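What follows is a set of structures for review.
Next come two complexes built around chain A: one with chain B, the other with chain C.
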Partner chain A sequence: MSIPIALERDDSVAEAAKARRRKQLSGWFYLLCVAIAMLSVVVLVVLLVSISVQGSSSLSGDLLTNSHSELQPEQAGMWSAILGTLFICGVCALAALPLGIGTAVFLEEFKPQRPELRWLRRVIPLGERNWEHICTLLYKGTRWMHGFVQLNISNLAGVPSIVYGLLGLSLFVYMFNAFGQITVNESAGWEWGGVQHYYQVLSLERGQVVLIPQGERTETTLTVDEPMMALLPSGEEVELALWTPGTPKPKSKELRQRTVRAGAKGGRYSRKDWYYFRLPFGRSFLAAGLTLALVILPVVIIASQEALRSVPPSMREASLGLGATTWQTTRNVCLPAAIPGIMTGAILSMGRAIGEAAPILVILGAAIAKNSGPKHLMDDAVTMPVLIYNWAGRQQEVYQELAAAAIIVLLVTLLLINSLAIYLRHRLSQN
Partner chain B sequence: MKTSLFCSRLFAVALLGAGVVGCGSSSTTSTTDADGSPAAESSLTGDIQINGSSTVLPIGNAIKEQFDAEFPNVNITVGGAGTGNGFKDFADKTTDISEASRPIKAGEWEACKASGVEFVELPVAYDGLTIVIHPENDWVKQLTVDQLKAIFVGSEAANKWSEVDPSWPDREIKIFAPGVGSGTYDYFHEVLAKKDKAALREDMTLNEDDNVLVQGVAGNKDSIGFFGVAYYEENKDKLQAVPVVNPDSGEAVLPNKETIASGEYAPFSRPLFIYVNAESLNKAQVQAFVEYFLENVPETAEKVGYVRLPEEVMARSVANLDALKTGSHFVDADGESRSGSVVDIFTDENLISE
Partner chain C sequence: MSQPAALTNRRFKSTDRAVLAERAVVSVLASCALATVLITAGIILMLVTQSWHFFESEYVSPGEFFSGTQWTALQAKEIEDARFGIWPLLSGTLRVTVIAMLIALPLGLVTAIYLSEFASKRVRSILKPTLEIIAGIPTVVLGYFAILVISPGLQFFSGGAFDTFNATSAGIAVGILCLPMVCSLSEDALQAVPRSLREGAYGLGCTPFETAVKVVVPAALSGIISAFLLAFSRAIGETMVVALAAGTRATATLDPRDQSQTMTGFIVEMIKSENEFGTVQYYSLYGVAMTLFVITFGMTVVGQIVRRRYRESYQ
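The block that comes next holds the complex of A and B.
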């Protein structure tokens, strides 16, 4: 049986018309997509060009090697800010990536399963029927917990970073005042190693001091009214000499250096090694890094979960079928297959961390005039976004140019870190 | 497993990198003794915590920069969280020095007393608050304090220029002002409205970023705004400053270095302060820094766009520091703020210690 010729002709005409319309529609849609993509690229290019034009005059070696300068803005730089950003983002990565990937593995690969609860049966002997009941309840409970954690993580990804800043302030900076507050003249908080306490007293030699080891921690000042043992800054132990105002000062430089005015006061001074650690963290780069870790944690978790979910179930089943445990399957099959996706999420979230200014302003304050990176774990730091924010708000033209140049440096740093991560991803996905 | 080995190596490299960078860079400076022989680098060490007004921040940063050259081992952190936040930290004993663009308020002093903080009050420079209009505004030649009150104070404030002066055009006034958290806003409020217990009008365009205010006023012929004199000096080509009639002499005065320092530009010359925790002054590094601050602040303040205080006021500051006179001059015994020029208020008779 065949279709009548008239019908077939009409049909083919209608089919052709439909096909043409579909193709047209598809063509228009393609154009629309290209236009939208171009639009965002154009915005990006305009931004980059305007920033380069504004900032190119200030891009110099000084910008990379010097620190912020108030008196010579032409020589101001951002070296300490680059260091600060790298340190804070390092802390952030060390905290957020293992924690985030671990959470994703738990949520994706270790979903609660009824049979796993049965080992309890051996530990606590109860009647068979009771056990069925308890197992069901426990299973439901863990399922509910799992869903609850999942729901919260999805919601947290949309919370503004300033909120995390405030959370970090009470959690890391003050630790809910559980360990007391850190104040300038008292030794507060709990300290572990890496610190020696001294009283510092000015000597008669201009600009030189002597250090007296602190005995009683609660005494904040010391009044020198009798000769005692002290340390020179070089570490040499000397006997202090006293000078009474009104009498002639000693002539010898060596003697002047270990002579203090009678009744001179010394304030507390703590010499800290790089591993100096205390609770609460105070306004330190450690607290800032951990707060940024909170900001990016949900993104890391969600991206890692997506990556793990895209591993084909057949691979998992094959591994389990050969007798591997869930952990062996995760470690040898799922994680290696998911690493490119996990790395993509990590790169995106670290990019966000590098550019965050709001939580850093809450945690570290707006200080920008620092000459070096953090010297010990509890030291503060300057970051690039905060420095740019400050420079861009100044009235002088030169600082606004510097801000533009600093933005270029920030973008380049970001691109460098991203390319390193992309290289790693490439490397790992080949293995 | 190859992958995990690679990962652990990478981790080790990252740690090493962090360790190497962690050693930091220290600048070395060479100073010379009076007799010409190179002096040893100062061994003064320790931390100094400073926070407070973002207006005073450039002065603090500049002094720190000079101090660093002479005493490279002292670690100074200068924050700019705002005068009010600065005083909060100061009362919590987390800062040694609080920078302020207005005198301490009675409530803030109470907080200091409650936590046992005694302080030395030191005026360090002047900032002239400049009232600016669009350069093409040809009707405003000068403003009196009463006219400013008509523009800025209360909910009944003038909406049109003609309501301030009938000869002025019948056009709406656009107002640009610093944010309510800034010391500048507080100071303006105090000068115009504190005595009448009134508030500044609420329908102004407020912004913490002074550059936004500059653009706002420069972009509209009917606009008026106010901010520190440094921002005006940098944007002279886009703005016009309004002479303000001095309430005592009756003469209209433009803000500039001479008129601000001489006190002719009244009542909008405001003093900037540092408040030093008396207990912190026992620390050698804080003592050295504050002495250095007072010694160098007249020149340094001018370099970063502010105006030096009259010499007699600076001399009183130094004397107060030497004698360790704690307390405030700007709050009277009843807890009311005094108003007037710093020359008249910052005197020994006005010092309230308790």
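The block that comes next holds the complex of A and C.
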């Protein structure tokens, strides 16, 4: 039996129409895909063009050599911010890379095997079957730990960076108040060298001071009422002379330099060497760098793990087959083969660290008025993203332009770093 | 018979010293891994102990915190007048996040489909680096972009209906930020779908659209959903864009044209303010941070469960 011819014709017409519609739909979808995919290119171009237009007028030598200025915004610059970023990212790299690569090696190369307990087996006689049982339990335990660490790392990667900032604030800045309650404007905690505490007293020579070594740390001021030993700013040790108001002042300059008015008061002054170290770290660039290290640690670990995973197992097996231990295999075979990938991941994560502002804002605060890079280990710093955040949040047009110019500098830095990553990947993977 | 050079030059053999060295190295590496666990423990410890100071304060009640619709921690002159209800901050965060997701999820997924199914090699070579550059742009730059371009643009097109600082412009900027992430994660999931499925679909007479939408996307759904959840938690935790572009007034409305302070935005505002260590306002920081952490952590965990449980594996 066959379908009537009229029905069949209608059917084929309907089928053809349906097929055409489906094809049309597919075509439209393809166009939509192209349009949407190109949208991201458009966004990037708009972003780069608008920022270049806004910032080009402020892009000058002053921007690179000067520091932030409230009074003369036209001459404000970002030199201290560049230095600060450099220092903080250096600390961050020194802390995060060894830790991250170590963790990745542990997770990828030292997967749990049946624990070797031959030594314990000889010492503690428990019977073969009991030992078998204990070994199985231990194996399961270590495997569970491995999985737990892995899960933990993927969770850490999703924690907002500002929460890391708060962790750094509690951990590095205040050390959970383990060194006494933190009070504002007071350097609490333990100091380990690199610092001398003085009282600073005005001498009779105009604009000159003498430094009197501080005895008791709790005394905030000192009243000079008897001759004592003091230091001139040049470092020379001298005996102080007192001058009572009403009597004639000493004539010679040398004497005036080491003479103070009787009853003069001196405030505290600390001279810090570059290796000045104290606990807790306070709002220092060291604390900021370590906090950033926490932020990028999961990124470094995951990138290094991928790099190690891409080393072919045959290479590993060949080394193990020659009788090398796992660590020898890792050091001589896996790590050299994975280095391009690890390096790329490390550089990309450093790029992320350079652009990160939120944790640094929490650790160092939003202050940007600083003329130089960090002078000692516990000094604070300004970074480029924080400077940009501060400038961009201001109403004045001139700061808006400065922010755009600073963004150009930041983006160029990032571009250079990323091209370094691409170059290294290319170079190392060829060898 | 001579040995291969590799064997004579290097001592590959396991000696007692090598075994000892191995144990030492393993313990060092294990302590590195332990450090990551300690970081999580540190975060939880810090949030719990510090927000404990907040919740035990006489000016704060947990019930009000979770249900109150006023947040005036920084605006109130006296601590007695300050209201600590999380809803304005939460709704601000959600407003920004929803707008961001409306942009990032569809655009990211469609771009991923295009890259994985249709794109020629030349288009890929333009599109992939573009997305990588967008992914590498610091968030503070996108925040500035929101102030410089997006917000004036919105005001221009709407005839001034938007505030200078508003949820929409911040949301759009956050969406741009999340787009590369959604795109690359979804593309990975789409790439993992085997060719045979696509060929089967084409063999049955499907159009490219039908193959992509009815076969490939459902097959990669678990990966795509976990990418969406990751983007969601990233958008919730995003800080610098909202600190710059979303405004500083905590409002509990649904109006996307209004200012909206987010949880992260409040944390930044609090850090910038003059409130000293130890005040209730200061500790409110940790109450907010705790809420933020719980939400993002929950999203990540759900994402992992989705990926693990609903993953379809093909040989």
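The criterion applied here is as follows: the second predicted complex is superposed on the first by the 352 of 431 C-alpha atoms of A that agree within 3 Å, B and C clash if a C-alpha of one lies under 4 Å from a C-alpha of the other, contacts with A are read in each partner's own complex, and residues count from 1 in each chain.
Operating definition for what follows: contacts are C-beta pairs under 8 Å (C-beta built on N, C-alpha and C of every residue); 3 or more make two chains touch, one makes a residue touch a chain.
Not measured: the values here are computed from a predicted model.
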| item | value |
| --- | --- |
| Clash or fit, chain B versus chain C on superposed chain A | clash |
| When both partners are placed on the shared chain, which of chain B and chain C touches more of chain A | C |
| Touching partner for A:Leu410 - first (chain B), second (chain C), both, neither | second |
| Which superposed partner A:Ile36 touches (first chain B, second chain C, both, neither) | second |
| First (chain B), second (chain C), both or neither touched by A:Leu47 | second |
| Which superposed partner A:Leu7 touches (first chain B, second chain C, both, neither) | neither |
| Touching partner for A:Met229 - first (chain B), second (chain C), both, neither | neither |
| Contacts of A:Ser154 with chain B and chain C, given as first, second, both or neither | second |
| Touching partner for A:Leu297 - first (chain B), second (chain C), both, neither | second |
| Contacts of A:Ala17 with chain B and chain C, given as first, second, both or neither | neither |
| Contacts of A:Lys265 with chain B and chain C, given as first, second, both or neither | first |
| Doubly contacted residues of chain A, that is, touched by chain B and again by chain C | 182, 184, 332, 365-366, 392-393 |
| For the chain B and chain A complex, residues of the former touching the latter | 1-3, 6, 10, 14, 18, 21-22, 24-27, 39-40, 42-47, 49, 51, 54, 57-58, 61-62, 64-66, 68, 70-71, 75-81, 92-96, 209-211, 214, 230-231, 233-235, 277, 279-280, 282-288, 300, 303-305 |
| Residues of chain A defined as touching chain C within the complex | 22-23, 25-26, 29-30, 32-34, 36-37, 39-41, 43-44, 46-47, 50-51, 54, 98-100, 102-103, 105-107, 110, 148-149, 151-164, 166-167, 170-171, 176, 182, 184, 294, 297-298, 301, 319, 322-328, 332, 348, 351-352, 354-358, 361-362, 365-366, 385, 388-389, 392-393, 400, 403-404, 407, 410-411, 414, 418 |
| Partner chain B, residues of chain A touching it in the complex | 68-71, 79, 83, 86-87, 90, 181-186, 200-202, 206-209, 220-221, 232-233, 265-269, 271, 274, 332, 336, 339, 365-375, 380, 390, 392-393, 395-397, 424, 427-428, 431 |
| Interfacial residue positions of chain C with respect to chain A in the complex | 7, 10, 12-14, 18-19, 21-22, 25-26, 28-30, 32-33, 35-37, 39-40, 42-43, 46-47, 50, 106-107, 110-111, 113-115, 118-119, 123, 126-127, 130-131, 133-134, 136-145, 147-149, 176, 179-180, 183, 207-210, 212-213, 230, 233-234, 236-240, 243-244, 264, 267-268, 271-272, 276-277, 285-286, 289, 292-293, 296-297, 299-301, 303-304 |
